[in-house]
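Below you'll find a set of structures to go through.
The same chain A turns up in both complexes below, where it pairs with chain B and then with chain C.
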Partner chain A sequence: MNQRKILEEKLFKFLSGFAAYSLIAILAFIIVIIFLKGFNSLSWEMIFKTPKGGYYYGGEGGVLNAIIGSLYIALGATFIAILIGMPAALYINVHLIRQKRTQNTIRYFLDALWGIPSIVYGAFGFTLMLYLGMNASLLAGIITVALLITPIVVRTFDEVLNTIPIGLHEAGLALGSTKAETGFKILFKQGFPGFITSVLLAFGRGIGDAASVLFTAGYTDLIPVNLDEPAATLPLAIFFQLGSPIPEVRERAFAAAAILTIIILIISLGARIISKRYSKSNIK
Partner chain B sequence: MIETMEQANTEVNSDTSILKVHNLNVHAGEHHIIKNINLEIPKNKITVLLGPSGCGKTTLLKCMNKLTDLYKELKVSGNIYIEDDDILNTSTNLPVLRQKMGLLSQRPFPLPVSIFKNVAYGLKLKGIRDKKLINYSVEKHLRETGLWNEVKDRLHDPATSLSIGQQQRLCLARGLAVKPRIILADEPTSSLDPTSSKIIENRFRDLKKQYTIILVTHVLRQAVRLADNVVFMYYGEIIEQGKPEDLFNNPETEKLRKYMLDGN
Partner chain C sequence: MVTALVIILLLPLFIGVGLYLKASPLFEHQSLLNLITTTEWLPHEGKFGFWPFIASSLYVTLLAFLFSAPVCLLAAIYLTEFSSNRLIRIMHPVIDILAGLPSVIYGVWGILVIVPFVSDLLVPAVNTKSSGYTIMAGGIVLAVMCIPYILNMIIEVFRTVPVGLKEASLSLGATSWESVKHVVVRKSYPGIISAFGLGIAKAFGETIAVMMVVGNMVQAKFNPFEAGYPLPALIANNYGEMLSIPMYDSALMFAALLLLVIILIINLIFRYFIYKTRAR
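And now, the complex of A and B:
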């Protein structure tokens, strides 16, 4: 190699490495800032207690209501999104395999749905809720967040299925599987690690989104026990506390943000372990 | 002695054909990739579809188990009869039709499960639940493909942990487990090393006693080694067909003569 090529290689290595490590540095920076700012308020009480009277003025209590509410909404919405997303993605890739134009039209609409800001889903969910005569509730929140994350689930599942080699598809059919058997028994298994990642992506978006639940899930200091009761969420808990003039309450907002971050980190880690365990038989 | 008896045996079956192709045409948009092909595949023989890459061999093979359904651009017309059943034009039960044929593709595609489950997969599709029968059948077909001794202690390891040559034999065992009549082999040794290729070729010689084998290849020497019946294709047409000794000793066309020269 001549001198110029060696220099080019070095420069390329430096630039790509710099980009990769700076992303990690940014993540670390965010986590450190959140934890530093919220450290004083971060306590077991914060995690395991609901707000007591005067909590938002610096009184006693915690954000358990918002933790539980967020988990309910994100889990419920992710469940619905998988229920719709999995068959839809399989349909696009198994049944529509010969119809590239239909496939691409559907993908175009899903991409558009993915790009719609969450406040629009919030407004839509709010309208739907009023039309159905519902109140701001856990159910309305779950439905709205499900609308928000279903396109993500379908499109990412779709991308996963799309990368599965056609030879595996052919192998399944040639053995005498029906399209459904090929889809569920072979392609699903092959795509499983990818699906875990997409579910995680959808869950993360669902649990972290404030705008879609602002009008639909409401806010309450209690833990919801029924679908028709309002539910608090962590993003809104952060939002409300961050707007407070009292420094102690603002600090609690950062503590709540830290809790939200920890939940996402734990789920990420869990998903990685699961997907690793189930991907060992997959063809590369 | 035994060999000559076997040869005599297969000679007896030679007049019966198991699969007939009649006026088959395949278009992909503007391209006419299979041009009015007529062909009879003799039972319990190895028929080699020989020809350069892109001459339509694989497409012809995929017409036979209707995997052409997966490709929108392909328009298939004509008839393919398997035991007098016109598979292209009647509403055939596809899973049943495809189970009459085992497919071996250019590179192995093991299912994303264990070695054992790969072979058991087709049996379970057939509704077989009896564990003893499944165990027996898995062992039988792994033996049939010469894989048993290599994998018997790690049947529950992922199929992907096998070498690529072993994977291809696993795919063969998996295909045999559904009890096909015909084995469709699409350049099955093209991604394998010479040793693994030889094992597959030897298996084919044994397997033709029970199965009809249709082997797609562009390797002339493989055709010479294995074929009972050769079909030479060139740009979607059958140029010559017949017994290998006739075809290769006295090629009638310039195309085959040239292909043989290039191949050697």
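And now, the complex of A and C:
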């Protein structure tokens, strides 16, 4: 081999290795910066108190309103997304199992749907809200976020169901179960780890998305009690309070950023652990 | 079960129709071409020229693509061809978490790190003045956000290349980099292009993170160290006042419709290529 070849080989191995390791560095960099800034201002008061004197100008209090609002919206939206998404994913894998073409076309459209940016969902949610005569409220936020995350639930759950061997499916049918029973009792059980992962993924996306709730959920210093009241959310708490001229309020934004990052980290790692634990009991 | 599926599949249609109905009053005053190509943005006088916003969006997206594409390609090559199993096990959660971090977190990071980096290091290097809230900062933050998304797809594409092909190349005396260059990359060429295309579509629609660092000033200047005002930021910034000025809400919904159509078309085209590579 000549010298140039070896040099090229070494250079590109180094470059590509550098690119791969730099991703770990970037992630560490982001998390360290957010935590350093956030832990400075993070305290029990921050987590368990609502802001005093207005979220934009009042320096005291915490971000409890945003934490609760975010949890309400993400939980509600995830619930709706499961109601619509789970049967849809099962339908693709039970009723359409013999029609590979239809299956793939549906997957193709779902993937494209996944690519629609959340601001478009937000704008659509807003037009829907005007059309129905609703105000910016918890309910409008939940519906908009549900629209955003349903394709995610369907597509990720479907990806797991797709790997289940067809023999299991046929065994169920051969024992006399209906298609619905095969779907809900056999495939759902076998795909349960995937189901949990998809739900957690959707929940994480729902709790972190700002653009879709910007129009629809409104913002308030209070904790919402009814579905027709506006609700604060963590991403918007970060976004709005970071623009405030008062340093204490900006501190609150950094604390909220740290809280949101912790929630996302827990969800992401939790999804891994849970899916590993449950897949032990699966029929291989 | 089938109703659930039908509802989901009809969703883009609903969104499109809903936005179009809201945006349609705008078309009575200005033609579509006129809306997209003029640069005058004076909502109070009913003049809506979208070109500055479209230009900003394109510019930020282009920068993000230029920064992220080489990193993604190289990292994907390393992870599929050269790396140890241990690194792959570590990288899976790393990529997942990067992809899962909310865009507002990237925005905070951008304000804390990238904006000072641009204003203190890059701007003096080219002898201009700028606050750091620039198209350049938007491009860098967006690039970081796109990396996990593009990287995942390229890795998936590389996995579809048959091992036999690479082994044949190695057995003919090629070095492993040569087999990557001439066999793996060439074989997955359409897939790589599609992954880049989908990354561009994602970058084009990204809202909060970009809007936090890009400066938000209406101007169509082609200098990365000037502030920009991408389309999604336009929608997100003005929702509060849009009901008080006539036609303003139509204009914003038109912006959303524009985003939807552009991104849906890019997605449909490149997803098609991805499905082709997978089916083979």
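Everything that follows uses one rule, which is that the second predicted complex is superposed on the first by the 233 of 284 C-alpha atoms of A that agree within 3 Å, B and C clash if a C-alpha of one lies under 4 Å from a C-alpha of the other, contacts with A are read in each partner's own complex, and residues count from 1 in each chain.
Quick note on the criterion: contacts are C-beta pairs under 8 Å (C-beta built on N, C-alpha and C of every residue); 3 or more make two chains touch, one makes a residue touch a chain.
Keep in mind it's a predicted model, so treat the numbers as computed, not measured.
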item: Contacts of A:A171 with chain B and chain C, given as first, second, both or neither; value: first
item: Chain B versus chain C as contact partner of A:V120, first or second or both or neither; value: second
item: Partner chain(s) touched by A:P87 [first = chain B, second = chain C, both, neither]; value: second
item: First, second, both or neither for A:R98, with chain B first and chain C second; value: first
item: Superposition-derived comparison: chain B or chain C, residues of chain A touched; value: C
item: First (chain B), second (chain C), both or neither touched by A:L23; value: second
item: Which superposed partner A:F157 touches (first chain B, second chain C, both, neither); value: neither
item: Which of chain B and chain C A:Q190 touches, first, second, both or neither; value: first
item: Chain A contact footprint on chain B (complex, rising order); value: 65, 67, 69-72, 94-96, 98-99, 101-103, 105-107, 109-114, 121-122, 125-126, 158-160, 171, 174-175, 178, 184
item: Chain C-facing residues of chain A, complex; value: 1, 5-6, 8-9, 12-13, 15-20, 22-24, 26-27, 29-30, 33-34, 37, 83-85, 87-88, 90-92, 94-95, 104, 106, 108-113, 115-124, 126-128, 130-131, 147, 150-151, 154, 180, 183, 201, 204-205, 207-211, 214-215, 235, 238-239, 242, 253-254, 257, 260-261, 264-265, 267-269, 272
item: In the complex with chain B, residue positions of chain A that touch it; value: 97-100, 165-178, 181, 185-186, 189-190, 280-284
item: Interfacial residue positions of chain C with respect to chain A in the complex; value: 1-2, 4-5, 7-9, 11-12, 14-15, 18-19, 21-22, 70-72, 74-75, 77-79, 82-83, 87, 90-91, 93-98, 100-109, 111-113, 144, 147-148, 151, 175-178, 180, 198, 201-202, 204-208, 212, 232, 235-236, 239, 252-253, 256, 259-260, 263-264, 266-268, 271-272, 275, 279
